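First the structure, in the form of structure tokens, and then the observations on it.
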Amino acid sequence: MNEICDIEMEGHLIDSLILTKALDKIMDMGGEFQIKTFRIGEKKNDTSYVQITVMGRDSIHLDQILLELHALGARLIEIEDAKTQIAPGEMVVPKGFYSTTNHSTFVRYGGSWVEVENNHMDCLIVLEDGRAICTPLGHIKKGDRVVVGTTGVKVVPPERPRQKTFFGFMSNEVSSERPSGEIVKQLAGEIISTKKSGGKIAVVCGPAVVHTGAAPALAQLIRDSYVDVLLAGNAVAVHDIERQLFGTSLGMNCSGSATSGGHRNHLYAISEIMASGSIKNAIDQGKLKGGIIYECINRGVPFILAGSIRDDGPLPEVITDIVKAKDAMEKALRGVDMTLMMSTMLHSIAVGNLLPSRVKTICVDINPSTVTKLMDRGTAQAIGLVTDIGIFLPRLAEEIDRMKSQEVSASCV
Amino acid sequence: MNEICDIEMEGHLIDSLILTKALDKIMDMGGEFQIKTFRIGEKKNDTSYVQITVMGRDSIHLDQILLELHALGARLIEIEDAKTQIAPGEMVVPKGFYSTTNHSTFVRYGGSWVEVENNHMDCLIVLEDGRAICTPLGHIKKGDRVVVGTTGVKVVPPERPRQKTFFGFMSNEVSSERPSGEIVKQLAGEIISTKKSGGKIAVVCGPAVVHTGAAPALAQLIRDSYVDVLLAGNAVAVHDIERQLFGTSLGMNCSGSATSGGHRNHLYAISEIMASGSIKNAIDQGKLKGGIIYECINRGVPFILAGSIRDDGPLPEVITDIVKAKDAMEKALRGVDMTLMMSTMLHSIAVGNLLPSRVKTICVDINPSTVTKLMDRGTAQAIGLVTDIGIFLPRLAEEIDRMKSQEVSASCV
Amino acid sequence: MNEICDIEMEGHLIDSLILTKALDKIMDMGGEFQIKTFRIGEKKNDTSYVQITVMGRDSIHLDQILLELHALGARLIEIEDAKTQIAPGEMVVPKGFYSTTNHSTFVRYGGSWVEVENNHMDCLIVLEDGRAICTPLGHIKKGDRVVVGTTGVKVVPPERPRQKTFFGFMSNEVSSERPSGEIVKQLAGEIISTKKSGGKIAVVCGPAVVHTGAAPALAQLIRDSYVDVLLAGNAVAVHDIERQLFGTSLGMNCSGSATSGGHRNHLYAISEIMASGSIKNAIDQGKLKGGIIYECINRGVPFILAGSIRDDGPLPEVITDIVKAKDAMEKALRGVDMTLMMSTMLHSIAVGNLLPSRVKTICVDINPSTVTKLMDRGTAQAIGLVTDIGIFLPRLAEEIDRMKSQEVSASCV
Amino acid sequence: MNEICDIEMEGHLIDSLILTKALDKIMDMGGEFQIKTFRIGEKKNDTSYVQITVMGRDSIHLDQILLELHALGARLIEIEDAKTQIAPGEMVVPKGFYSTTNHSTFVRYGGSWVEVENNHMDCLIVLEDGRAICTPLGHIKKGDRVVVGTTGVKVVPPERPRQKTFFGFMSNEVSSERPSGEIVKQLAGEIISTKKSGGKIAVVCGPAVVHTGAAPALAQLIRDSYVDVLLAGNAVAVHDIERQLFGTSLGMNCSGSATSGGHRNHLYAISEIMASGSIKNAIDQGKLKGGIIYECINRGVPFILAGSIRDDGPLPEVITDIVKAKDAMEKALRGVDMTLMMSTMLHSIAVGNLLPSRVKTICVDINPSTVTKLMDRGTAQAIGLVTDIGIFLPRLAEEIDRMKSQEVSASCV
């Protein structure tokens, strides 16, 4: 162990697992450490502070360790401005570029700390006019000033809430053996309180929401202003419209029986919208009178329909270029406080990639592997519920209704 | 192809897949066939009749094919009495013994056909005093007259109902993308109509019913006389009693939080029952005042608690010897018309093994592999529902209630 | 039952389930039937012929039934030319349009039968210059002559092979309890014999192929000319290139440990390719020296990389517009005889939608729901293997190698 | 917060998560804390020490918190002897009994610390003749001196190893996206080094090991002395014997095809053993010449076959009373250092319940829910591998072979 370096960390280091992860990482990577200073937060709301001397075999090894520690919130003790290099080409990165986490991040720049804008995981930081902008690789232009190394970059991982909450820290196990009825109530409470405090809620959903009969419940949540942005694909919109126009989804009627002509209604639904020119026109013409997308348009709730290679049609509102679709999703998700992901692996993981770690995220799917993959891909804050969306979502809508009317009657007294 | 033999089949051969399966089997096994006579049922309710000459490479090959065809309902054209041999020892079978299917089966005996009693899969047929008794290998005694070969044995596979029903023929796919709310209604309707026509319903369940908060719904169904027999294990009973006595299951309270002392309440629950001597005594002493087992005892609904190597305790009512437990289950299941299996792979498959194929069987589990395995193990009549029992069962109980009260109010007019 | 109509069907009606499905469908839909003529194929290779009078409540009901029977291969006895209508607009369909199945289809046109070109499911048939062209809704132009109704359209569903094969008829269950080692051998045999008879094999794969360490095995299969077309997404290519350039995939090294800098290598890999301008250039410059995509380019094997909203970058070869990607996939899949789908739900279902039912399709995934959904979405010919691609694919490549060298040594004698 | 109490903890408090869990627990339960003393281990191998003042609303609340902290390794600062009470009846526990964890536990008794014998989870501690014996509820006798409360009881949770290992701390996620080939090598290395250091290995397996064709690989591992005890059920033994006697398992032959007579071979296998009187006799008589159980008997490897309600037969060696079976399993598992669980949920969880947390545990199953449930039920040290046992186990046996012969040839030089 020839190379050493001093780092410091501050915050709820013990209960938020930050110090544990840092020491684990050093040991896992074959390094050594010596704790120089440790001031533990004595009471629940006090923060702790630690200075650690980290040792590596050589400077490359030490740098690898430091890079990992950095993502956990460690910083070098000497404070300098961030270093940058110029991107040599379109989508070409300078050596040693800094790759973002999904935690709040600050860049030291002209002696002061600037928060990185729209920060999300696996992007680069571009400095421009005193701003630090989180930039996906696909948007790097020749000449961009890209942050390299970790000097002058500060990461602030989320900390454990000081009391137990629904979106608890470390409670992100995937289990199907929970009292589902009770969980519905807690989630309903979270949704109501998020909206009450002015929060913004995004819903991400897959076609199973329509197939399992949960579409009316989602439409109701949109109508009642619990949804601020909807992210889905062509299939959700087509099934939803098919159900409105013909009472089927993929040719299956409400009682789950296939009706005559099967998939034809799916194509008819698209054709009807094409004949009108757009979903919006179809509403204006009185053709489409309800459903998920109808409620979005009617209430002015923004919705992004991103294309995929499974799409029939697609509908005019669908963004068929996936680079543009991803950009639109990223913009729509800015400022979101809570995300409800339902029955879609593709869209859930794509959205998870775009979310800061501070966004409360709940992923509802009957397939536990959707939740497992979402968390494997870095959306570690997600809470997984393994349940049947077809019964879960109607119960959730009912519960929100019930809570709301109780509140109203309570406030009348 | 040197060996030939003529067989005949009768019934709804085409739409019930019987003829298809027979010809497939001959081809899969490398045999040949020639259809000698075929009278197709011209209208929906007419049966068909076919005579087929089956050809095999040699007599062993032909016998192998005939054995398989027999289980599909084929029989030799010449009618003879069944052949028997004497079992040479306890649990020792004569060569060539006849192994039962789960379809209705008749044995020709003294010139007339006798129905096999308590028939279920993978057993032997013992002839005794003019009766043909389905006997598990474990109950074969030295000297038993055991049916060998297929001569004089007739199998009657279930036929496709003449119209679409919930328990449809061939519809036993496992899918999680069905309109769950609608399925609840259809199942509620089936349960009510089964009971109205004097049918007997068995419920098989695992501990997740209690963990997910569905126990009160099951208790209600028992109280309202929709359950005629309950099959479960020690864990269901202990969790149910723990919830009644301490408000927890495995130390987890109703809102899904672990409470202090964790698993201790589980052990306390057993200890309390032991102190009383039995669950029944605990009820008589006023200790246990509700729950699944309480309702069973209170309403005189028979329940079998079969032991497993995961059990704590176990409770006094648990049958710890698995041979005795299986026998008790078999007896309790006699005459059952419908079985509702919920959240248990072990008990579902064990019960499936004991059921005739005519019993309407529905298997509800959040894990699709439970249903897949149940059908793989021969319970081909099972309908699988991949859903969350914690929301599904309360909805089912609600729906049954609603339908019942509608009926009552309708009949009042 | 006031409306009646006579239909006829021909082929291996019994063992290929065709007649069973037809009668089931009539009964499920509440119709009646009377079989007028039935000539059963007496021997294994003889076909059967049936004429059925179908009855419906009214002409709409009867039409609904006939539409379903048509997809099963039934046709009206009177033969007329197909009827067409003009598409009124871009992506707008005429009322009553004919929606394709994935079975071989013929259109009667000027008195003779013309086979539908590039036929796959859920499309329309456009007649043009004596040709009948399968056309997705997205490609319908104003003025296209679109086939409507089922008159003059003949569907030929696949028939059961006359002996047992790996890609057996009706054997498409999803089970994880098969002798995996044996299945590897059978599949290896199928791949070798498909290539020997001049067949074309497509491989569809997801990033788990790289993560689980199976990439070298796939690269070998491409190098040894067992793959004729590769369909995948950006992630597969990036992970493959990342592994070649840096020895990691998503920052995880070959032994499954996360290395320093994590996801950064993923972005570096893209950046390196961008700096070269394309994957091909990177190969020409000697930067990329092996792997899945390298072997494709080196051997001239066409590959389609379709974009998705989860993509980083994406790489220059990725088709980011999903409509264009789907078109490219459809063209690449023409003439394919066998498709091996591995560890991707999105691409497997998308490819399944584009395949005729005659293409032997095997779907390998550790998650049984991928296979279930693929079949639910109409790719009923798929065989599902629930296994671990990371061990399965290397074993498959080994086995193919072994079989080939045995053949060689056998032919040397 | 009216009640306070001082506790202390010692060890690798930070990196083994012990302190984090303790503070989390206090906060989750609504308590407060103040850290009085904290001495952090400065270097990797130094332990830390902490004294914490815990505050609860009242004495009951404080006791609940202390009970949970105790299971994490906390102890009161004042040291007293453990308190006991007399069990009032058979399987009846005294109020406030101490319920064991699966961590090493010591009881203070006559002024000195005594280690609890055969400690495993959810049992009681009985003091007798200077010994502290872990006793399941089912074995509590009237008059037993049972430990109550946590006074004088010390729990030592496992600590994080000081470097990265296969059985790493905190790495117990369930993922199917790992490089399976590499994992086989690492596990092979662990098995070899466990045996080399004189360790004892238990194998727990379900019938899928036989169905998927992995039985010869397991038989080889037993023959080569890598297995010290085998735990399974009746089905494994019957399938194994059926395969030896008839080449089938449940009537399915090695190539995965059902053969004639199906399940009959299963019953024949049992009958053959019954005719011999026992499996051992059948071996002595030369009837049974290979397979899993044959190797066990031949090499003197103890095996426990525990009965379940799904059993046919059962075989004479099967313990049909589940209480006796569990006792036999517990005895057989004493002193085990590593457990390999394969393709069985019932037996894996049952065995997990009986294992101390220090036993390296690996659970291999294609169904991720088996691993999830195992960990949910308290076997938190288990590593999950989601893979196909039919290919995995043969690869593992090959790899062990290869490593062994390399060693041999290396040592020859």
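Labels A, B, C and D are assigned to the chains in the order they are written; within every chain, residues are numbered from 1.
Methods note: contacts are C-beta pairs under 8 Å (C-beta built on N, C-alpha and C of every residue); 3 or more make two chains touch, one makes a residue touch a chain.
Given the structure is predicted, the values throughout are model-derived calculations rather than measurements.
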- Message: B-D versus C-D: which interface comes out with more C-beta contact pairs?
- Response: B-D
- Message: Taking each chain's centre as the mean of its C-alpha atoms, which one ends up farthest from the centre of chain A?
- Response: B
- In whole angstrom, the CA-centroid distance of chain B from chain D equals 33
- Message: From the mean C-alpha coordinate of chain B to that of chain C, what's the distance rounded to whole Å?
- Response: 37
- When centres are defined as mean Cα positions, the distance from chain C to chain D in whole Å is 45
- By the touch definition above, chain A meets two or more other chains at residues 28, 164, 176-177, 257, 367, 369
- Query: Tell me, which parts of chain C touch chain D in their complex?
  - Reply: 164, 176-184, 186, 208, 211-213, 252, 254-257, 366-367, 386-388, 390-392, 394-395
- Query: How about chain D: which of its residues touch chain A in the complex?
  - Reply: 14-15, 17, 19-20, 23-24, 27-28, 30, 32-35, 38, 40-44, 160, 162-164, 168-170, 173-177, 368-369, 372-373, 376
- Note on the structure: Touching chain C in the complex, chain A uses residues 28-29, 63-65, 67-68, 71, 88-93, 97, 99, 121-122, 124, 136-138, 257, 259-264, 266-268, 270-271, 274-275, 306-314, 320-323, 325-326, 329, 345-347, 349-350, 353, 367, 369, 378
